[in-house]
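Next come the structures, one after another.
Both of the next two complexes hold chain A, though its partner changes from chain B to chain C.
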Partner chain A sequence: MSSVPILEIENLRTYFYAKSKQAFIRAVDGVDLQISRGETLGLVGESGSGKSITALSIMGLITAEPGVISGKIEFKTDGIQTNLLQDLENYAQVKGRDGQVMEVRKDCAGWQKHVERVMEKIRGKEISMIFQNPRSSLNPFIPIGKQVTEALLLNSGIKTRREAKAQALYWLEQVKIDSPRLRFDSYPYGLSGGMCQRAMIAMALASEPSLLIADEPTTGLDATIQSKIVGLLQELKWTFNVTTMLISHDIEIIKRLSDSAAVMYGGTVMEYGSVRDVLVVDLESKHPYTAALLASIPSERHIKEKAYLQSIEGDVLDTINTPEGCRFYARCNRVTDGIREKCQYHEPDLREISPGHYLRCWLYFD
Partner chain B sequence: MGKTILEVVNLKKHFVQRRGLFSALRGQARVIPAVDDVSFYLKEHETLGLVGESGSGKTTVGKTILRLVPATSGRILFGGKDITNVSAQEFLSLRKEMQMIFQDLDAALNPKMRIRSILKEAIRVHHNIIGGQVDRKIGELLEQVNLKESKLTNFPHELSGGEKRRVGIARALAVGARFLVADEPTSALDVSIQAQVINLLKGLQKNLGLSYLFISHDLRIVELVSHKVAVMYLGKIVEMGLANRIAEAPRHPYTHVLWSSLVEKESREASGTSSGGASADWGVFDFERPYGGCRFAPRCPVYQARGRPEICINPSTEPELHDIGEAHKVACHFPL
Partner chain C sequence: MRRYSQVSRHVLDYSDLPFWKKSAPMELVYVVYGLLVVTLVVASYILGAAHLLPHDPQEMNLQLLMAPPGTAGHLLGTDFVGRDILSRLIVGIQAYFLPGLLAIGIALTLGTLFGVLAGYYGGRIDTAITYVANLIDSFPRLVLILLMVAALKPDIYYIMLVVGLTKVPVLLSLIKGKIQFLKQKNFIEAAIAMGLKSRVIILKHILWYNCRTVLIIQATVGMAEAILIETSLSYLGFGVQEPTPSWGNMVQAGANYLMQGNFWPSTAPALAILITIMGFHLLGDGLNNILEGKRI
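On to the complex of A and B.
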């Protein structure tokens, strides 16, 4: 990636403490990612792989009391350059043994205050987010136009209500809500899911953020509406050139909208590179997990022959007792005898195997 | 060809909505025709896919067939027997032959019961067996749906989405059903888990000879599992026929729009030329709209292209489902 990175994540770990099990759930466990300016990064993975928690960690929305966030999230724009996680360790005491977290003591109030102080200038202004379920993310008691206006007053330089309203109308138009003047005073319940999602997108873009995080923007919408929203996102990408982090479990959508893609499994990135390298090229040069994921999508051949689909055997990773070796070892079908021992006992690192294409698999290392 | 297991004739389900106290007193009520004159049949060992956008009445069709909601009019024949109006007593014995796999399993599985009790209850209600036999039956079921025995002591919230789905299927099989209504069995599942569930359903059909009414809005999946496909729009079936014919050569403009809106297909076309044809103004659809003639006309590209012909919006000439050869039926005045 030649251009300037706007967001660099290094070794991000977000753990939650499960009281009943007296153990840590390692939701995000060592994620390294970067997004360059103007680029769309797609994050794919099964549910529970840590995609959304990565996003929430960036936004400073992890509030669960007994948890640990560590690592580095470097955010760089023209005006701002900060590590969003800086000084957080002052508020938490972590006792560890052999690299395992054993106990955490946390000054929750201080932590919360600190996070708010850091994020105040960033959340909604520099980084905004589109959430998974538009209906429940919008306030049901306030008309959508007013919600967009409010976001503008709060997050952009606009001071007067009249100006904000005009701007809100402009953005409702940009996201292709038909007759925006009419819809301006509609409540979320009176709009379809697709419309609500458009309003959400308008709200997120209205403050002209440097980075947009879209968490499953099309999940739960009908096929016809889904393709409309994807089309809209694509158009907005061309018009406004927003740097986007797109989270989805739908590989087709990632393929269509992203420039680069990261495949997550069990809280970490298994493969990272351009969409062409990661999701399109033949299955042989990929991480076995990515290959299995791609193979389980019904293809033309499956439909023609009414064949059985290929599924990934075994269960999703246990995020409490993460295995010693490769996280995917138990479900991997490409382990050879030569590397079996390494796979079982040593976790591979994320290595660049060809320019811009990173993999976490012993199969491709010498 | 097998025997017909289910036949639905002119099924209607109208929900009545009263608007406030005064209009209720005056006897005014709004009628929402969720299912409006639907007819189809299903053969043994076959799968009928039911597609349509949300709100098109797919789930209501499924629920009405199982008599979870009473039908307004029409007939439902199961195994040649009219079950539309049989007494509840009599229907109980039929219940064990027809079951439903519900869409939202968080709501369908009792959160306070362990998996073992959930399955046990289903077995006990319909079969007069005790003790060891029940356990043996549970063991069989687990094997059929490929679920670990250790999960029996878990509560539903401790299971993953795919596992919950398996429990839902096991519960439907527990009573010995031979006809299943599968309502969006793969929605909200990851592709890898979706593949497992689809394979499981296909395997069960092969081994136990089940028949499915497969309700889904995922067109690719419907095309993959179904022998026949029916496309619903606003409570009516607008096109019906063999799965591959519907997918490859749709004749109704709505089916065409539906299939061409598949993200995958669009991405393939996007590399060549932008496909702007089907993207007509695709607003919210409205049950309250007083329709006349074809329901799809206001959104129909063909209707626009042909200069809004009178026949499409004339209430007396609403298109009927008619045969156009090779078991392919379409309800349109100008099939593609």
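On to the complex of A and C.
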């Protein structure tokens, strides 16, 4: 794994305000992540753990208020080195008590304008995004070929329509759309979900971005198409060596495609490291949440040991009333009496327990 | 029986085909007919404005009252005071052409503008705009027109202003509904993520690709509607006043002589109305189907 980071997220907080409850929804609450050049980072977690919001925060697509309130997203490529959230402190003032945010003042309209300015050179050109539900991510009234052509004209150096069309056909071929010349003029409603996702991937890759964010690219597709799309992503990863942030709740997909993985829970990263450390080797050296997640999906181990699948007791974290201590405390089955006090009242920080393997659990801290 | 034939030995790229090969023959007929009518109307408008007419439309020829069509010098005959019907038909276009354009211009621009504001931005803007639109919509159009005529004067421009303004809510709600529907799909979000500016998204992706059907149909139907309103008001005596010719008051003036067997003074303008309105409707329909690439 090369260690030149292309994207560094530090303490990202994206909050929403629930008017009826007069409280903040802590969708993303202190995320720290790193993506190195050429690697694929898998982001796993339950629904509502803040994976998609993290991705949307990077792209500056959060429209609900107050949105991103603090943090740093350092983006470094050959040409550009910027903090995507630069000058955020000029727009948002955060007041907290006991380490919890209690009041936010934010000039949302001003911030939105500022984001547009900062992201102008980055969206589509440096960072591309693939959305879940491909059918609705394409304009229903424009043939897919035309949409790929538009992406090319907008984000790559190509100026003439003819050249862009040839290039679009090349990309449609790269994403394995059969007879691309014929499909060039098909409307999204005339294609299957898998085909639409391929077209989306072509559009995202066409500008040869430095970073590709794939937000659950296989959701809404049936199992066979899913595995084909995963195979395609794997192939594209080898061919173009594009840095990818892959969001999925399917651990198998993350295992197949990623180099490193981050497990998210309740808006923050619980465990981060190489895929081997986080998702593959024995359950004993992992965060209890990761271990519970792995125990809840069928695997080779379950078959060999004839073990039952385990569910994680309790509910997903209430992101409005976040507990004082560890977020996973209420559902954790590995709390020992020695650390119970700490787990309940003190939130652990993300610490490196072995080289490149970060955890947020008192069990592993001395 | 239907024939299926390949365009050539080699399969061409569909997008490289010219549009007349992509569309059904019937649609082309519609569009050609519509375009013909529109050209005729525009040409006649220009002729009328430049006074390049076979006869002065006000000139009475008392030797030739009620001449039938085909009389030497009067292609469509003369009316009950001996005025040339063809010249009066051509000048009659003056009565609705510019006012009609004004009406659809007002309806399209205001409707689109407020529709986009209400649909794309939503929230309080939407509430305010919808409220005003409902207010306008709840007034019967004819009453408004008659009020206008009574309060000011029976000027066709004032009437068309009212027609245009009362059409705004219709267009507004169509555009707004369309945009609200489109916003549920996340292709707008995807387009922003691709780096498109919101100006481009609104104008190109939403208005042009997704709303042009609505706009074209509303424009052509609106023009037809404007003609119909002008002629019916003139027929009733509220619109264009004699001796200025308008198709409506020509039908009305000729109707008195219909029973005596002199049908052409009112039939000629009535046919003109029919052909023109049909032309506008078919143009809108055909253009819509060609643009949407509907393959029948």
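To be clear about the criterion, the second predicted complex is superposed on the first by the 344 of 366 C-alpha atoms of A that agree within 3 Å, B and C clash if a C-alpha of one lies under 4 Å from a C-alpha of the other, contacts with A are read in each partner's own complex, and residues count from 1 in each chain.
Note that in this section contacts are C-beta pairs under 8 Å (C-beta built on N, C-alpha and C of every residue); 3 or more make two chains touch, one makes a residue touch a chain.
The model shown is predicted, which means the values in this text are computed figures rather than measured ones.
Superposition of the two structures on chain A shows chain C fitting alongside chain B with no clash. Once the two complexes are laid over each other on the shared chain, residue contacts for A:184 go to chain C alone; chain B is not touched.
Here chain B and chain C are compared by how many residues of chain A each touches, and B touches more.
Looking at the shared chain after the overlay, A:31 reaches neither chain B nor chain C. Look at A:343: by the touch rule set out above, it reaches neither chain B nor chain C.
By the document's definition of touching, of the two partners only chain B reaches A:316; chain C does not. Using the contact criterion defined above for the overlaid structures, shared-chain residue A:139 touches chain C, although it does not reach chain B. Of the two partner chains placed by superposition, A:6 touches none, neither chain B nor chain C. When the shared chain is aligned, no partner comes close enough to touch A:62: not chain B, not chain C.
Of the two partner chains placed by superposition, only chain C is touched by A:203; chain B is not. Across the superposed structures, the minimum distance from chain B to chain C, using CA atoms, reads 10 Å. The part of chain A that touches chain C in the complex is made up of residues 59, 61, 119-120, 122-125, 128-129, 131, 133, 136-143, 145-146, 151, 154-155, 181-182, 184-185, 200, 203. Per the touch definition, chain B reaches chain A in the complex via residues 53-54, 160-161, 188, 190-196, 198-199, 202-203, 217-221, 223-225, 244, 247, 257-258, 261-264, 266-267, 270, 279, 281-284.
Residue ranges on chain A touching chain B, taken from their complex, read 46-48, 178, 191-192, 194-195, 219-220, 222-228, 230-231, 249-253, 255-256, 292-293, 296-298, 302-304, 306, 308-312, 315-316.
Residue ranges of chain C in contact with chain A, taken from their complex: 11, 13-15, 184-187, 189-196, 205, 209-210, 292.
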